[in-house]
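Accompanying notes for the structure given below.
Every chain is named by a letter (A, B, C and D) in the order it is written, and numbering of its residues begins at 1.
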């Protein structure tokens, strides 16, 4: 990790004016290792100071993060994403939509590492879907991308719904084998962003039973995250995952009801132990954005509750509870989880990944 | 059915001051066949006019139904449930809690038919759990209860979570056989009633992942409802049902995500046909409280939505949608349903049952 | 009023694809006097069947009214608003935005009566702002518009926030004189429509303290509605109205806390009498969309509650309660009101107005 | 203030098991000057460890504060409030209901200072209602209480609705004179506590227009807080305050729309200056629980928003915005404010007061 005195890693945030971009900016203020030097967005924002780029016609500044906009960030001139020269930075956080990502991210990756919240490349064979602390062995594929001529690489994070699911299944899969998974999600409105997002008229006193493409992503990505590196690609985990994804009137944090069939017999204590000890080695590295536990296990049957648990570990810990047998399956178990979709599930998850890749030497502050 | 000119069935509502009691009273105003003649409640209310019994110390009248309190009902003097003589009425609707129900309902049933929303006797061997239009063959057990010396019988409705599940599984079970069911519910706050119910501090921007005893009830009752009459008892359906029941910030109507494994291959069209034609014979009888369809199937993948669909058919129709294969199971299918927990799932469901039992001669207006 | 056998009034709805347009279409199905024959909208929808015009790329039909889309309406071909020939209909309901309304409505009004929910012409000197039952003497200005060469006229309804305020102030102003008004509104999200409307992320567990231009409209329009016809214009009522308008997490219905200073002494009984008897003559005409009372006065201090009271009289009755003295003012009184912003405050209010204008001969079914 | 090495003040929390009691306990963990040594509650809890006293029959621990229950606190044995000997502590925080407070607080005050959230004694002539930073000159009445034979005193905080109102009016009253105030509140459900509190069925998609006694308290207390010490009592400020208090579906934080008439002409800049500089001297004392500003003034007209602003300054800063003239009044102004009802408006407000009284010598750590 960077010693005091080392230069910080120069970071660009592309898609900086959106909600996820703002969460990156918010989480990177005072970061000990990473420093935002460049911002990029669509042509409409290009050439403006950041604070002006996010100002609405009414004069209102559209800034939606936990802390006020950092003054230094507000003064940075926004560049046009299409024309942005990634060669000038050490790392690009990309949070543009999937369609522009298909063009932009490979161009950036030729010159610099790209960590992305876009889904565009997640299912490419040489692209891992990385969750810090879960599948760090997949990082080797980033090296393979480099060997094919990129100076950088593309490292996408997963769909937010897959994050909590993969984290809680990972230790079960390792110890007992996972044979089959059913998951029903109750997802927060923040997952839909702000343009237009989920409107109040649709979600107050209501549940929307469909989120286009979400179930397919949650299923395929979970299997890839828990898969095995084989040569220069990843063989997905073989267990099937069936999802139903819904939207509920909750601001932040996804709740997921999981029914899982294990390969081998397990008992409650062993499962809880597996969860509680999960990621210990990774956490011991002491990354700035890491929580003190990957998974928090509740005994109280009324937990996890999304409003009370989403911010555990700064939104980086997945809360689980209500572990009990599912007697309709052989070695069947049921539990619920709460995962913060816009922290561990988005910007802060990417930042923690960057901290790890920096420690591993896949990202580094260029000598200038 | 009663012809014009026939005397109406004299009905008592026991537990009349509670939320469910009020829904009975509201739904029975101007009923063509049933007339509320007696009200009973706890000692605290006994001897008061109904309107005074539901008046709070502040002067506010606690009346929570769709229409204003009927003036005639408001004037009825409330009797004490413990001392109530069921011999004076033709039918008792009981909506007391399970504990008092254990004492009260058998006493009433010695003298009159009892239709109950309490869970007290649902799992007794000679007691059916009846859903109108679903398992009317189970009515024969009421006759058996009578043969054992009661003038009446006890006929409980199911737990509100089992209602939509059993209704939508019934035609699948009949046509294709059900092998296994996973269900995750997102339940409305009205299901918890008002004393104290679910408080706003616990449910705004939140999900509560546990409802004590609900999962067990939903599972066992669904299997009993879809079971087979064998002699003087019911052999439950053999398929296992695994549930996760949660509470969400929705006022009325339960949403359930169902994953079901069938015994035999089915295709989408056949399932939809089975749903759409379900209960046709029952509905053809033209009961006053019956909807025009037992099940409404949505094509729009964004439906069913609980706020938009809970009142279909006057809250008596179950809405389903998002039917799609669950490839993790042999002959696996997934769908979502919305069912009105306090209409088909409570008072109005009991009233529709009474209409059927009246037509079948199990309830009748005494000659006086 | 039209007798049986009379031809119905031919109605065009312009802006038919929006939320308000849909409310018009929904409320006009089976209307005894009015029949929708033409639909118009922006160029994007022109030439499509209505049901296709409101279909989203996902296939979902965007229809947000209480009842399902009427099949006949769904088949009508949408015309382009810019090119629509109002000469072919007897009445135009216009619910386009204020900017296009400035061009479209005068063009339509040359050929046919226009009743509009747009604010574009509300403050013009020869344009009345009509609330059925409140200021029917202002109808004379429509006649004046005609005398200036139009075959039709422009008759806008008020801003939804002014509706309940003007209705409840009208009888007070008439009997006791109003000297000063303070009003704080808590407005439903439906008032902001759907594109984009108020997003869930902004309104769950929150209050937005500002609705641009709303306070000015509520104040100026209330004074104009309660003003006096002087020659060919309206002299606004002289009392000042000061408003604070906020948005709250409520789906439908505006709640307003009103503090009013009267010119003359009044007592509680006299105020309640004034409210209860208000509009009796108008209601006696028996228009199809009229409620049985303009104002419903609650004794229960916990009422009016917006969810419980917004649908009184089919959403056409204003509920008031908590009348009590405001001792900080001479002859000061305080009360709260609930008014349905998208029924009496929008489409259904316009339809009731049309029924009155039809009875008064300002609208008529052309002989064809 | 206490120097390092000084003994901490021994604190009892009476009413410790309730929501407010828990907020005291949560806010006092690691407090540099105050240490909780005793807990008291009703007979039902007496004799149990605190963690057992708040455990429900289901096994669930009812702990509702921001941080988990401190382990040391959980082990303290709860005493019975009726029998509690206040002589053993240096300070009592009382958060029992008004009725028991009438008996308990005078008994405690004979032996120790009592800071209370109960309304029981707020309107007594020798009892000030203290808001830290607002009316510290009223502290002299506590001294007078002592001179009448108490070792301690009773110092109640205000009703939570009065807190933000008094804070924002105080600098206006001082500089320009306040002549008349109209206030409409939109209050959070947390203000009603948990037993039973506001139930979800009553507040989802709704507004409750009445909170018994709240308007009278907000009015009378605001005038007393802004009053003048005259001899051994307080002469209330003379301006009248008229309130309408409502409950809205918001978890925490009260929003208030204020219309105020000033004695003397003011301009916008002068008012904003008065607010921004308010309490500077008090804040300069550097109390541990004090925020960096008493009042935060927003320029953005879409602020203050309760969810975004309630936690400003740790919930101790009042946010104001939308300052504009009210032309219906001479020297009239309007604004909105957001105040955290359970932080500055309850436990943390009392703790900040204790810090001040400690610095002033009215509370001290006994030599033991």
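Assume contacts are C-beta pairs under 8 Å (C-beta built on N, C-alpha and C of every residue); 3 or more make two chains touch, one makes a residue touch a chain.
Since this is a predicted model, take the numbers as computed values, not measurements.
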Quiz item: If we look at chain A and chain C, which chains touch each of them?
Solution: B, D
Practice problem: Tell me which of B-D and B-C has more C-beta pairs in contact. | Solution: B-D
Practice problem: With centres defined as the mean of C-alpha atoms, identify the chain lying farthest from chain B. | Solution: D
Practice problem: Could you please state the distance in Å, as a whole number, between where the Cα atoms of chain B are centred and where those of chain C are centred? | Solution: 41
Quiz item: How many Å are there between the centre of chain A and the centre of chain B, using C-alpha atoms for each centre?
Solution: 44
Quiz item: Cα centroid separation between chain B and chain D, in whole Å?
Solution: 47
Exercise. At least two other chains touched by the same residue of chain D: list those residues.
Key: 58, 204-205, 249-251, 301-302
Quiz item: chain B touches which residues of chain A in the complex?
Solution: 180-182, 184, 186, 205-210, 240-242, 244, 246, 248-251, 255, 257, 259, 301-308, 321-322, 326-329, 332, 334, 336
Exercise. Note which residues of chain B are touching chain D in the complex, please.
Key: 58, 64, 189-190, 194-205, 212, 249-251
Quiz item: In their complex, what parts of chain C are in touch with chain B?
Solution: 58-61, 204-205, 300-302
